[in-house]
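Several structures are given next for inspection.
Presented sequentially are two complexes of subunit A, the first with subunit B as partner and the second with subunit C.
Entry: the complex of A and B
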């Protein structure tokens, strides 16, 4: 029943060097993405979501480095591509919708020049043809007066409009994969809904695989087929969306759901995960310090990501223990 | 936009009034009698009688404020008076010296742009590499080396030793190269560093990441995205430097015997040529304000945020 995945991330580990120390904000991250499916990645800020996304297209900042792992796209390890090879993949095959549309566009250039340069970088067409395409795709995004929008500068448009422009640019090249990094975070509720609807349309009409990153469980719930929960650089739980929302297993996922949907007054402790600030040599649970279920067994066992039920993976010793019983 | 220009031009009035009053007062603090200087330059023995007569004729006996208002009254009619030294009108003298200075300044500006822009861009792209270190050295040398020394060095090596360029004076294009290069040299370092810093700042902006994520080539990203935004502070600087160079190329003009505004200025100060000094100061102030205005206008064309929001 499962089709061949279009993107496979295997055991991805990313380190970031700061003047004081080397941190490892992404560890042992593995997931697959299929055409026409949406994989949601949920986690708090600092959990490694964005770095994971950026690493797929080799867009990591200078001080960050992939230590280990591979990222396979169409039988090609993207991490081993030359600069020119990866450039041809960017935008054309795998596109990113950036976190904050207000600062992702160059303030001194028009929407038109952003649009046309993107299309013409990948397709051998004239400016005039590219402009016709731009208008067409802006119309598909339900942007009023596409021709006026093209002549405008980024600061003249609202965040929601810019986000839709960004999606239009992305769509115009019909990529196989779209990475949407917090696509709705900077938007108000009305715009959020519109953007999500557009992404849904993309997935259905173009059979695009979407990697949807968000800290917002509701956003992910609306769109995702499968959800991975990240904490402290690890994926701590991964399951199909209904399964995860109905039967969250990992203590962190459970707290996340409870706090988000207001079912309990349980407090999430505010200290940041310790594992992001130092290398986790003993492979201890990243959630150990904040976990309410933790006891001595948590420190003794080697942590592994285990499929305890079909398609439902979890990284928690206690959960596995309870199943074993 | 036009309203903005009108407002700026109107601001010239108080600026010029202020500047002329200050210059007027400062001039009269200079020790020595301009009438004596006048007579000496005219090869007339400065006897007491001659001096007294001349002071009366030039109106130097009047109280300061009367002198000022008399001068101002003429200026409003665009009469800047007559030079004590050459006996030409101040206007004629300024126009005569302005053209060489504009020539010199434009050529220098050209050198500044073609030398510092590429170096600035390259040193930002290859930050920390040997080429960046090299540009840093150029920048330090340029900023810290005194103009007169650099001027003498190029004269010594390029004119005297290698005989590539004429040493002094004005005439052919070759005469223009050394003075304008010398004038440009002091500014080059500043602009290399300014552009480099501005580029580096923009290279880490999210719009660069997004440009990369869309698959743009490095060349496109640098020229169309980063440079276009990083050039803004450089344009402001260049406009101010342009004004500076028009009035302040004194040292370079003196070294190369270039008959420009700087020379006119210095010689009129040395000769206590009151109307000439006043005229030059006034003229330079106007040029300076206009240069700044031009910068702002250019700026608004380069930066749509100013054009579309501020210019309403």
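Entry: the complex of A and C
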């Protein structure tokens, strides 16, 4: 039994033109997000996670372009919206939390003016009312002395506090979707746990849909209901979180699992080169050069999803063979 | 003889919020004493703001301590004339967290790695190029990369270049200040493996500063936990990690996310 999804991304392809060549960092990406659910996207740097997120809000850099596909929010195709229409969606309906809170704030303005600007852009209320709202949401984020925090400048707060202020600003408009792009990467371990707890609280209290992007499987595991693993621009495996953890099928997903160290001191073997080329003209399997299981069948594989189980999709021809056996 | 001995190091910064306020003093490092033996990797963990990086800067001689002495290879680092200091400095190298700002974007990789060599040795250009190419091979990059610029590399590759520069003079001690924190999980392991291998090969000692107790546990031989400028707990054998007792250490351990999905 499935709810109507609030966000549907269908066959998204993004190209980036550079002086030397045209690269395709995002290919055939499709996913859906439901309210009150968390979709985790995991992948290494350069796998196309961030570009996918930016394209949802039409925030792509100038040299990047959506070639194909559509992004539907409720019944609106976000790619065909005018600049004015998308401004109404940004912040109010779909909000984004960036990786580095230090850069996302304006250093010469206080936290209070950030709050008031954001709230008053979307809601018809006075400055005084906006300030009361700000205090209320800062309290919800468990920040000590919200009134003092409002008077401070971004550089006077620590990274973890700033990231919680960011979540508070985001939440004050009660958006239906939050895109959290590596929300904890810049934070230390204790702050990371706090921020994750806050996001979990939001999801339960406000029924917000969260798109959680990270390179760290452990972060995603704590919150996500469903996980998509990205590699070389493709989603290579997609499954509910427990299914993925119990039966990782794509060789890359298995490498990701082996690279969690936890508290082991045993040396983990991992020599494969990490750079992936996003040019890939022949549309071959992006993982081919690194894959240990690869053989002649892989070169002719047309990269179609294999359904290993219901809701568990894998982009690997080897899985097809294992089902056949 | 120990390679590095810190005796009662203390460092205070003066800060003020506006021009009209009186300066407030913040004790970043309070009375720290440490000893590091040859060929050992000492891990320093702590939350942000616990004084780890200040301690690293004092050991490097980038900051002068208010009190106490830093003895590196038996000499007090903050009590030398410039000639002696230069002599000693080749044995002391550093790798920082932000690999992009640690390299000059207008120099090629070859020039970046050759810089410390040019400071200390007189080599012909052929010899120099040979050395640089060997260093690149050591850190797992291709020798043909010498003519590329930093912007053409990923974060993990740049961190390898920073490591190549750090080992160029065959130092005795390398300070790794959050050297892997900005990298993604797979690349972190590759860099940590590289560091462990170089440590064996060149008999290096490391001072590994990080907030990530898992990375420290993976590479370090012994550990100290810092909190608000003080060492609150130390451990000589990493196998006993679970036995850490101080509340700060417990908090660090409990903030490690479990590898499996939590069933909410």
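Here is the rule we use: the second predicted complex is superposed on the first by the 304 of 325 C-alpha atoms of A that agree within 3 Å, B and C clash if a C-alpha of one lies under 4 Å from a C-alpha of the other, contacts with A are read in each partner's own complex, and residues count from 1 in each chain.
Assume contacts are C-beta pairs under 8 Å (C-beta built on N, C-alpha and C of every residue); 3 or more make two chains touch, one makes a residue touch a chain.
Keep in mind it's a predicted model, so treat the numbers as computed, not measured.
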Quick one: is A:259 in contact with subunit B, with subunit C, with both, or with neither? Answer first, second, both or neither.
second
With both complexes superposed on chain A, which partner does A:218 reach: first (subunit B), second (subunit C), both or neither?
second
If you stack the two complexes on chain A, which partner ends up touching A:128: first (subunit B), second (subunit C), both, or neither?
neither
I'd like to know which partner A:92 touches here: subunit B for first, subunit C for second, both or neither.
first
Greater residue coverage of subunit A in the superposed arrangement, subunit B or subunit C
C
With both complexes superposed on chain A, which partner does A:296 reach: first (subunit B), second (subunit C), both or neither?
neither
Applying the touch criterion given at the start, work out whether A:46 contacts subunit B, subunit C, both or neither, answering first, second, both or neither.
second
Counting only touches as set out at the top, which of subunit B and subunit C does A:190 meet: first, second, both, neither?
second
Pick out the shared contact residues on subunit A: the ones touching subunit B in one complex and subunit C in the other.
156
Going by the contact rule set out above, which residues of subunit B touch subunit A in the complex?
204-207, 209-217, 220, 224-225, 228-229, 232, 302-305, 308-309
Sort out for me which residues of subunit C touch subunit A in the complex.
17, 47-49, 154-157, 184-187, 189-190, 193, 196, 211-215, 217-218, 238-239, 241, 251-252, 255-262, 264
Going by the contact rule at the top, pick out the subunit A residues touching subunit C in the complex.
44-46, 156, 158-160, 188-193, 196, 200, 215-219, 221-222, 224, 241-242, 245, 255-256, 259-265, 267-268, 270-271, 274-275
Could you list, by residue number, the parts of subunit A that touch subunit B in their complex?
54, 57, 59, 61, 87-92, 95-96, 98-100, 103-110, 113, 117-118, 121-122, 153, 155-156, 169
